[in-house]
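As structure tokens, the structure follows; a few thoughts come after it.
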Amino acid sequence: METFSIIFAIFLGGAVLTYFAGKLSSVVQDILFLATVLVPTYLFFSGVSIGSSMPFSLEGISLLWGVNHFGWLFSLIVLGLGSLAAVYSVGYMKGKERRGYFYLNFVLSVMSMLGIVISQDLISFFIFWEIMTWSSYLMVIYSGNDVQRIGIKYFVFSAIGAYAMLMAIVIVHSVTHTFFIEDMIQAYGQMSLQLQIWIPILFLLAFAVKAAMMPLHVWAPGAYSNAPMAYTSLFSGALSKMGVYGMVIILVTMVNRLPQGILFREVLAWLGGITAAMGTLWAIKQDDAKKLLAYSSVAQLGYIIVGVSIGTELAMMAGLFLAVMHALFKGTLFMVVGAIEKQTGTTNFTEVTGLIRKMPWTFFAALMGIIALAGIPPLGGFIGKWMLYESLITSDHYLLVILIFFSSTAAFLYCYKFLFGFFLGQEEKEWAHVKEAPATMVVPMVLMGIFMVVLGTFPGIVLNPINNGLMDLGYVDSYKHLWETSIIFNSWGDHVILQPILYSIMGIFIFFLIFVLWKGYKGTRYVTTKDISSSGEVPKEDENLTFSVGFMQPFMRAVAPVMRRQMDKYYTGFANGLEGLFDFVRRIYTGNAQTYAVYVVVFIVIVLLFKDVLF
Amino acid sequence: MDSSLFQLLDYGVYGTAILVMLIGLYGALVKKSLLKVVIGLSVMESGLNLLIVALGYLKGGTAPIFSDGFLNGTNKVMVDPVPQALVLTAIVIGFGVTAVALSLVIRLYRHHGTLNIDEIKNLKW
Amino acid sequence: MEEVLYNILGAVVTFIVAFVVGMTYGGLTRKITARVQNRKGPPFYQNFIDAFKLASKKTAIHHGVMHLMGPAFLMVSSVMTLLVVPVLSGNNWFPNLNFHGDLIFLLYIMTFGPLGMALGAGQTGNPNSAIGVTRGLSQMVGFEIPWVMALVALMIQYKTTSITGLMDAQAQTGTWLMFSSPFAFIAAVMAMFGMFRYSPFDIVGAPTELASGPVSENGGKFLFVMMSSGSVFTFAKLTLYIDLFMGGASNLVILLIKTFALYMIPVLYGITSPRYRTEQAVRWFWGWPTFFGLLAIIQAVILK
Amino acid sequence: MINDKHSQKIVDYIQNWSRKHSIWVLAYGTGCGAIEIPPTMTSRYDAERLGVRGAATPRQADVLLITGYLTVKTLKRVIRVYEQMQDPKYVIGFGSCTINGGMYYDSYNTINVLDKYLPVDVYINGCMPRPEAVLSGFAQLQKRIAEGRADGAAQYKENLEWYRANQKRIIPNWVMPEYNW
Amino acid sequence: MVGTPVLFVAIPLLAAFLIPLLGMIWKELVRIVPGLVLIYLMVLSVNLLNHVLVNGPIVEVIAGWAPPFGINLVFSAFSGFLVTLMVFLGLIVWIYSYRFKRNVGFEPAKKYFLLLMMLVTGAVGIVLTGDIFNMFVFIEITGISGYALTAFYTGRDSAEASFKYLMLGSIASTLLLLAIMILYSQLGTLNMAEIATKIHTVKPAYKVISLILFITALGIEAEIFPLNGWAPDAYAEAPGPVGAAFAGIVVKASVYAIIRYIYTIFDISGAYDFLIIIGMVTLIIAEFAAIRQEKLKRMLAYSSIGQMGLVLVAFGFGTKEGVFAALFLMLNHAIIKSLLFLSGSYLVYNSKDKTIAEVNGMHKFLPITSFLFALGAFAIVGLPPFAGFWSKLSVLTAAADSHMLFVMSLILMVSVVELVYYLRVVNRIYFFKKEESVEAKKPTFNALIAMLVLGALILVIGFYPDVITGVIHKASADLMDKTKYINDVLSIKQ
């Protein structure tokens, strides 16, 4: 297939060109960057038909690229979010330093993610996986804050995952002698039980790291919050989905074929559930929007993991739908934070308040994102949540559903914190000068917001490709018995019909809104937020009345016993121990030449003593 | 002389050579003075050379030279020439190494003001 | 088209009934509270007077768009809940939206309003409002757990997630679910304490410390809409409870009796209790109510 | 819809009736008189049977109950609270201090005549007034509302400049924003 | 045929002797002549390699004595590959240090180029020779020039490092000679092929002892733990290009020697497992030690040691895939580690202690050098699409094919450690604030070219490894085929 080569050539060439175009002029650079992302996107969706493939070989290894329905679904996420985030980036990066660096890594990330999705063999999968890892690592350390800790933590976790995957790949290769995923799947049935268990574990380790699953999630908050927001929207929205992508494939093709009694899925699902709960609780505690969204991403990925690891039809659809939704709303929310960061210079809830009248479009996008995130009807997030609950209940995961419900209810707390912290509350004088973000930033956000609304009523738009993808993976067609364009069913036949609900909601809402505004909008007049009943006190203009410090304190007190245990601390302890060990090891090299000579003698003596064993 | 004595002597020569090597090794490993270390290394090499020559020796053999004595004499046994050649080479190399070593020792002494090997460990860990 | 109109008419009637019943219950609560406190108390229709007065008050100011929309959000939630819950079982006078949603949907639509309201309260800029909201949300996390546990127990026992399905199950067996699944009922009732926000769980409004919390900047029409929304919501929730646990009601009288009886549980418990702190409230819900919820699930799994 | 005079009258009547029976009081405890409010509201006198009920914030309140003397400092707050209340709104001066300064008439920093600064609809005299007197005051207010004579707010609006001048005379550093109501 | 293998030894040796003389004629010749020699050798080796890949190995007899009596040089696919690699690196080092004179003056520069020529001679000789004693001689040539190059800078620490190197080196030479003599006393021959045919007649005890002595002696040069005490010091104190030459040339030659002994000469199967064990221990200890280093070059040295451990492990698998992986790894390591040494020495050029902390924020002043260092760091930890990835993949595949899962997992775990310390340095270069006291030194033009060539190679091999893998496949097949080697050598008749 020609198109694949062209797409990747454009990506690579464009990335390098964009990098160097910064020396010429920033406008050229912007245009080149946009072209580098948008042209391949166009080419991919117009020129690549599902089912096409491109075999070739490298270093004596035969490789295969191709698109199937399932991959297409994820390429939709990657390229869709990628293009929007690219448009957003142009506005976001205006006037920032190291733009070339940013654009280069951005393009490389998008390219590698697309590569992952179209890889039909393990080697190119791994190569793209690693490119994705290091390009995202370079983005994580973009700001230069705390790179030694956060960046390296991210990379080490990624590397542990990736190396686990590499191990699995070469083990598979030693059995099958090819690297094709197809062959791996076929040979899996004939492997020994030990391999059958270990190979999925190793693969899932890699995917779980990227999907920020519970004990492996500690990199996520730092990484998400330290990358530039324009990238984080892609990072959290699309890049983490690659973990989900891999997970689905492994779960469907391997874990499904494990003999009964191995609780693979259960363990995974519970880990996902715990991830969701803990991520939510930690998100509530954060005062920094980036951190909050980062933990929230961890939590949301937990839901997705739960969905895909339960693995019934409905659960799989729920997981994948949530994945799409998560890409949308988390992409939007990170963009919102980016816009706020650009306009105000900070992302801390305790500093920024009352932006709603200054940045109304941003607020709209944020509102849509938050409603979708909270899973409240009539936006798309609800569809995913609904399917997830129903699938958990119908597949006998009673306690898990409680855990999930707990975390999604608790999610309201941070959702509210996000909206309140930035947009609502007192309008302080300090932020009176803030303007709405530039159009290139607002348009992608608002577009995604609108798309979320549409998806809330017509989820069939996304459920259709998901269904096709799942059919690729061997599931039966679920149209008409699990979903229709705007109806969703569970496997017991209960359903939610979305259109009348939407219309009712809108009707009621408009009716009462008009009632409140009975005598016309002119009748009620806007007064500033300083005009509040504060015991008759007159707040001065520069007096900060905003309530934002210790926002969810009572709740945090209630859950304090759970929060006391931090995974991070254990890892830090472990790492410190290791460094101590390393320090001890290097003392072997004492610096005394005679000692080294003694080592030589001792070596000979030892080898001679054990020569019967060794040789 | 009877053959057993010869054999004993053989072992004696080997043993002596090895003893010399071990003495040299001891010197290199234990003595604290840089010079003694270098001497130890040299002694070790000398012991090795001795050993090699001894290995190449054949009982009653003459020097490996196609001289008149060899060609005309009754004793047609010649010691192995190869080890001797090797030893010559090794001696030359050993000489070079020792020279380099001594020059290094001089430099170290200039900088450190001591020959104690224990005090010359700026580079460690 | 006619069907739509018919539906709308039915919805309006349902709404009026709910409004009247809810308001009356509110007034009765005040009366009962007064009697318990050895007072005469206001007349049972006092709430209507208050509501009318609020509606007639001038609403001259607002603090922004979300402030204006907050009450409407709240109302959406209440009315949607009302519409999804079957008011009278066994007749098709008020089918409303019963067949378009199920329990999970209901759970979520019930949270829609408080959150929208919270946005409105947030934009007023009054710190008390935000504090009240955080308290309310925290409490919600608390009581949702036993509540969902109870619902899940019902769902898995009867293999349906729709309310009508559960009502049918009761009609078939002839036993109310509060007897066949007692633990679920207990858990749900305990969760109801939090849902109705009578003391000891009135931490959201808490007039003495928060100046009525989220509503502190709302007077006049805002407050009227909120108040009526509260009444409707009360009625809707009570109806939901009796639909789920007490076999529903085939006519209005039975409906009123059952709902009133159920309503008195949190009210009477509340009159005699002082207020909890937030974390105490949250932990209370994660204590015994959750335990009963667990028992309910275990029972459901065994009986399934 | 409701434009002609008769129906307007009927609506007014109903509205006044509902206002009369639903008096939400913002009790501004400026002075010692506040101690009389709890007995008024609780079991013994039970003002709630008249529809009188405490309100938490000025936005929700109908009546501003000034319980006792006002100092320069508290006057400022009271004015602000009053201006934050929504129409229709009423003021009750509670105790002698609000009428003529009472026992603090010669204090350097109390307000002697409240009426100069806020439009008082009903005074309750006594130092301090018993709950019965308070109830009687509320009854009086109800009567005035029903008759449509409790128009203090309207007067305040009409004579705003006079009131402002008086207020500014007492409060030297006038930094209040020009709030509208 | 454009030349014979003997030229590889003869020409640089001649050049080494001529350099001082030529220097008297025209000072510039001192640095031009080595370049010409190396370029010629490069052309020659590429040509010969092409020839060899098609027509089979060239065996050349020196001094007219046919094997097994005379000394012979073998230019096979395997040795030819290594020779080409070494000559190439020599060339790179020469380009890099072309303007060396400007910094150190004429006399030292003369010595430097002389010693560099010697080093290349020795290393190439080790690889080409087919005679074990001749190999000893070449090892000594390499060693002595190595000692001298280590002590090149006249600071006190370089002398110390050199002394350590020398001390261990002379112990190594003693042991090596001893081992050679044991074999000779048993078999009466020094020719590798001849020994290989007769080795089964030797008593096992002698065989094993001599193998142990060989491994120990060569292991000192090949940086096997615990015999590598000299290595970090020597790398750290030698000039940057010399570090590159050590990593790329000297150590490769020593590893070649070990491999030749184990694969061709001896028939002890336990040696393969022994290689894996010592390789793993070397790898683990070295990487552990590297992570806590404070000095940049010392860190690179430990990393180098670790990589050599990995090479030994790969050789230890004893399979064709293993050999392929090891050779590929050697190639990549030679290129990448050289790049790291070359660029790293510019990063710490002016700093006093050469510590890692002193590279902070260098990217603003040395953009290209910093970039190349980062590229090298990314490549050496095996991130795709850079060169290091393919060799790491080959090693792991070979390990998996040999069912050594434990070894594989250890390698991967150690890779994580490696990753950490390299990234720490890269982060420092790019994201830390520069220390005021350190002044950046701009790399000279020729140095830039040398580094850019290596960087380009990393990318080329990374994106299209096929350019080189064909040769490596043949080279590894050549090494595996023991009988062919013996036949090729012994069939030569004068």
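To keep things simple, chains are lettered A, B, C, D and E as they appear, and every chain counts its residues starting from 1.
Definition applied: a contact is a pair of C-beta atoms (placed from the backbone, for glycine too) under 8 Å apart; a residue touches a chain by one contact, two chains touch by 3 or more.
Just so you know, these numbers come straight off a predicted model, no measurement behind them.
**Q** If you check the contacts of chain B and chain D, which chains show up for both?
**A** Per touch definition, common to chain B and chain D: A.
**Q** Taking a step as a move to a touching chain, how many steps at least join chain B to chain C?
**A** When the steps are counted carefully, the minimum from chain B to chain C is 2.
**Q** Taking each chain's centre as the average of its Cα atoms, which chain lies closest to the overall Cα centroid?
**A** Central by C-alpha mean position: chain A.
**Q** Select, from all pairs of chains, the pair with the highest number of C-beta pairs in contact.
**A** A-C
**Q** Return the chain whose centre of C-alpha atoms lies at maximal distance from the corresponding centre of chain A.
**A** B
**Q** Please identify the chain with the largest separation between its CA centroid and the CA centroid of chain C.
**A** Of all the other chains, the one whose centre lies farthest from chain C is B.
**Q** Cα centroid separation between chain B and chain E, in whole Å?
**A** For chain B versus chain E, the centre distance works out to 30 Å.
**Q** Using the average of all C-alpha atoms in each chain as its centre, how far is it in Å between chain D and chain E?
**A** Each chain's C-alpha centroid was found; their separation is 96 Å.
**Q** With chain centres defined as C-alpha means, what is the inter-centre distance between chain A and chain C in Å?
**A** Those two chain centres are 36 Å apart.
**Q** Where the centres are mean C-alpha positions, what is the separation of chain A from chain D, in Å?
**A** Inter-chain centre distance comes to 58 Å.
**Q** Which residues does chain B have that touch at least 2 chains other than itself?
**A** 28, 37, 120-123, 125
**Q** Send over the residues of chain C in touch with two or more other chains.
**A** 59-61, 211, 216-217
**Q** Return the residues of chain E touching two or more other chains; collapse runs of consecutive numbers into ranges.
**A** Residues 163-164, 167, 171, 232-233, 289, 292-293 of chain E each touch two or more of the other chains.
**Q** Could you please write down every pair of chains that are in touch?
**A** A-B, A-C, A-D, A-E, B-E, C-D
**Q** Residue numbers of chain A touching chain E in their complex, please.
**A** 58-60, 123, 126-127, 130-131, 133-134, 137, 141, 144, 147-148, 151-152, 155-156, 159-160, 163-164, 166-167, 170-171, 173-174, 579, 581-583, 585-586, 588-589, 591, 593-597, 599-600, 602-604, 607-608, 611, 614-615
**Q** Using the touch rule from the top, collect the residues of chain C that touch chain D in their complex.
**A** 30, 34, 37-43, 46, 49-50, 52-53, 56-61, 207, 210-212, 215-220, 223
**Q** Can you name the residues of chain C that touch chain A in the complex?
**A** Residues of chain C touching chain A: 11, 59-66, 68-69, 71-73, 75-76, 79-80, 83, 97, 99-102, 104-105, 108-109, 111-112, 115, 118-119, 122-127, 130-131, 133-135, 137-138, 140-142, 144-145, 148-149, 152-153, 155-156, 159-162, 165, 211, 216-217, 221-222, 225, 277-279, 282-283, 286, 293, 297, 300-301.
**Q** Please give the residue numbers of chain B that touch chain A in the complex, ascending.
**A** Against chain A, chain B makes touches at 25, 28-30, 37, 117-118, 120-125.
**Q** Taking the touch rule as given, give the residues of chain D at its contact with chain A in the complex, in rising order.
**A** That would be residues 28, 57-59, 74, 76-78, 80-81, 84, 175-177, 179-180 of chain D.
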